[in-house]
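Pasting a structure here, questions to come.
Per-chain numbering from 1; labels A, B and C assigned in written order.
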Amino acid sequence: MGENTPFDEMYNADGSVREPYRALSEWLGEQPEKGLALMQADAEAIFRKLGITFAVYGSEEGTEKVIPFDVIPRIIAANEWRKLSRGIEQRVKALNAFLYDIYHRQEILKAGRIPEKLILNNAAFCPQMMGLEPARGVYAHIIGVDIVRVGPDEFYVLEDNLRTPSGVSYMLEDREAMMMLAPDLFQRSKVAPVETYPENLRRTLESVAPAGAGRNPVIAVLTPGIYNSAYFEHSFLADQMGAQLCEGQDLFVDGGKVYMRTTTGPERVDVIYRRIDDDYLDPLTFKPDSMLGVPGIFDAYRAGNVTLVNAPGTGIADDKAVYTYVPEIIEFYLGEKALLNNVPTYNCTDVDQRAWVLENIAELVVKEVHGSGGYGMMVGPTSTKAQHEEFKKKIIARPDNYIVQPTLALSTCPTHINNDVAPRHVDLRPYVLVGDEVRITPGGLTRVALKKGSLVVNSSQGGGTKDTWVLED
Amino acid sequence: MRMLGRTAQNLFWLSRYVERAENMARLLEVGYRMSLTSRREGGASEHLISMLQAAEMDEAFAERHEVADVDTVAYFMMFDPANPSSVYSCLQAARTNARSVRTAITTDMWESMNGAWLEFSQIKPRDVRGAKLLGLLQWVRQRSHEFRGALLGTILRDDGFAFLQAGNFVERADNTARILDMKYYVLLPRSSLVGGEIDIQQWTLILRAASAHRSYGHVYHDRYKAHNIADFLILRTEMPRSLIYCAHFVRDNLNLLAKLYGRREACHDAMDDLLKLVEGTNMDQIFTHGLHEFLNDFIDGNNRVTDTLSASYNFY
Amino acid sequence: MESWSVEGPGIGNAGRFTDGFGNAAHLVNQLRPEGEINIHVRGEVTTRDSHGVLGRPSGEPVPALYRRLTEAAKAPEALYEPFRNAKENRLSICHALMARVGEELGLPEEPKAPQQMQANGGQAQVQEVAEAGEPRPPAADYAHLFIGAARALDIPARYVVGYRLVDGEDGLHAWAEALDEGLGWVGFDPHAQICPTESYVRLAIGLDAETAPTLRTVPLAEVVQVAKVSAV
């Protein structure tokens, strides 16, 4: 951290090409002039045709945008990936153990390793989950860990995303598009497949079916509906898994069991991959005025007649304030040191730390505790003086509402910009499935900040995506 | 995998709305043409109003507009989002239904529907006048044909197909029956003045609204006669917009559902009742019974098919 | 408990489960309700006076859970701050808190007029008894104030809804329980200013009235929802 030039994943400081990027470098050299630009245009056509769009909140109905796709893949070497995936597996196991503990005996609180109030008075803590025994003890089945790289061997976890992480459809479609656009590049490289994700998702969901379910559990994907920004992904995953795509109104609870309304009558549902937030899931237990959810579905879950994926209340484990304690959590439950780094986080409620933060705000990143999607966030080095002052005032007014971290020098990857290739900052979201075993898809979603020098990769803030290659030995 | 009741419903209405958009465009074209050829003072307005009546839109129109001229009527039938049967509303509803059942229709169907909506929603109403209006009306029909083509060419012949087809032809039957009912009096047998000039114009209107003015000649080899026109649009099995043709088409698709699901439902009985109206009869009998009464019976029976279909297959 | 039965349409097919607070619950779905739904709960229980001491029943979540602050159960600082550094044991503090809550919201009238207690069960609106000259707030308010104050002092406290027998008449009632390290859970009824006796029957517990209702309902379609819970 703190180096002047960020780590570039393709080129060493002396300009030589790093090993994993060798084939790509050769291939780039062979591309005719305007070759990448043509490819870029083809890519956009492919995405529009497939209908891979996201709705932009606040814009007119019917205006769906395509997230920009960059035609130069991001490449991770086999040994780098092994290290990463071990660290990820460790994290998701520990976080699930933490969730089990928090919703049962709360040993970690009794042991004083995490302040009790931080958990119990947290809005993300769900008292209704107390004492529930989820299938296989798993709470967070589908996880997208946000990781940034700052050096050849230095990775940091930014966020764990244990609620309903999105974007996996982009990982799959980016690969699909890349194979259509540059089959010759694939032939030269041994790229680990990501196409197994829907099948692995299905297996994971089946493995956590309730005890009473038959040999082939019935799986449904529960979506808030067509106006949700991730509706495309919901229908895509349901389609790929061969599961039923349901809205709240398609399901009902009777006798403590969940059924779908089909053309030939009710059909029992065993596992629900729900893409509806906790609050809207069940008006009987949570927000009473929710029209999106299914009344009684949470009670059916408590009765052990259906499995909800992810479980409600997982948000307590990816809360920004709890994040600081993840290394502690790993040690407590697994007796191991954390393999992946946490980003150092300053606590503004501490007077000394706050004073230091206010003094050095131009170098720091400020995030709202409950913000997401790059909203309510300030990156010191790329913000104006006025913005610094604005956030200083905000921190003083509500110190508990913000966490502050050093500005990480995110690694850069070559990116196609205006018919040229230039380095741009990237992050990585690998997708993890936890059921009868932990399944990590090799690769993930690489998000790239298309604006020069920008560190914000969110699609809502001008970010694009790249196909992410994990090379096999 | 069993189909959600909502999916079946969305498919049924997706097709209905596409068909309805097409019919709206067809009706407006007829009204527009007639208003151009009307020689009498105020005749243009009368034609447009009787066309609105056929579409059961006259009251809603009167609430919004004082004068029925080409501009107001064209806006109301094409672009008005407040009119649930305007082409705009129909295409939007069709596209929303398609999006809800994205996984139950093919990519070709989705692209056709999505493209039609995206293009249409970009059009500014004030840019559409005169010749442009006719061009746009033709475009609407073509997009409807394209969607149906994508459907026939790509979708599996399963329950989804049956719901789509049933929706299409229930709507079409309804439309044909309403057009006939609008002008039923000019089709009634008369003792004198048969084939006056006004009547020919009215008959042409009816045939055009059903895209039947050219095929009529191929079938009857005769000048326009009221009896033939009624026969053509009600009882001719080779006429793809006739009541009997539509009814047979819906029946075939309901039978497909019965076969797939292994049982007959209330909608199959409702279908049998509807068929009894159009089978084993002829125009003389229908005229004796009363054409207007017959058409109303048909429209009611057709609605019953939709209602029982909704109940039988758990639409909601 | 000698016997307990819940009767109502669809109850035979009810989903049975235990909620997050250890309460036994039934889930009933009326697909085609007819006008009015009546649920009758009958039970026979034998009670004894334990001076409010309940102990630590099994099958309950960790007591620390009941230190969670909620919107419904809040107390003003003035109410609990004097006890912040008190030297007395927890039990005495709770008794003192109960007295303070009584002073705050109004003490029971001395002449023992037969009264029907009211409890607020979340969405389950309790019968409205408009007795002349009874301006005292409902028992739920007392319980919430007590719980809020106890939690502010780091004492786990929870909400109880149940029945209370007064002068041979029973009615729905609400009170609180606080955790004593030695005795376990101890009941406090700040509305009546006593610890529960053999006239009390516990029905359900929770963080506050919202999480411990006797009846939760949600309309599946547009219906006018009038849920009424009353003790007969």
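Throughout what follows, contacts are C-beta pairs under 8 Å (C-beta built on N, C-alpha and C of every residue); 3 or more make two chains touch, one makes a residue touch a chain.
Note that this is a predicted model, so its numbers are computed, not measured.
With centres taken as mean CA coordinates, the chain nearest to the overall protein centre is A.
Of all chains, the one whose CA centroid is most distant from that of chain B is C. If you tally contacting C-beta pairs for each pair of chains, A-C comes out on top. The mean-CA centres of chain B and chain C are about 63 angstrom from one another, to the nearest whole unit. Centroid to centroid, with C-alpha atoms defining each point, chain A and chain C lie 42 Å apart. Here the CA centre of chain A is 48 Å from the CA centre of chain B.
Contact residues on chain C toward chain A in their complex (touch as defined above): 13-22, 25, 27, 29, 31, 59, 61-62, 64-65, 67-69, 123, 207, 211, 216-218, 220. By the touch rule above, chain B contacts chain A in their complex via residues 1-8, 96, 99-100, 102-103, 107, 110-111, 114, 117-118, 121, 159, 261, 313-314, 316. Residues 104-106, 109-110, 116-117, 120-121, 125, 127-132, 252-257, 283-285, 288, 295-296, 299-300, 302-305 of chain A are the ones that touch chain C when the two sit in their complex.
Within the complex formed with chain B, the chain A residues making contact are 49-51, 62, 225-226, 231, 235, 238-239, 242, 244-247, 249-250, 260-265, 267.
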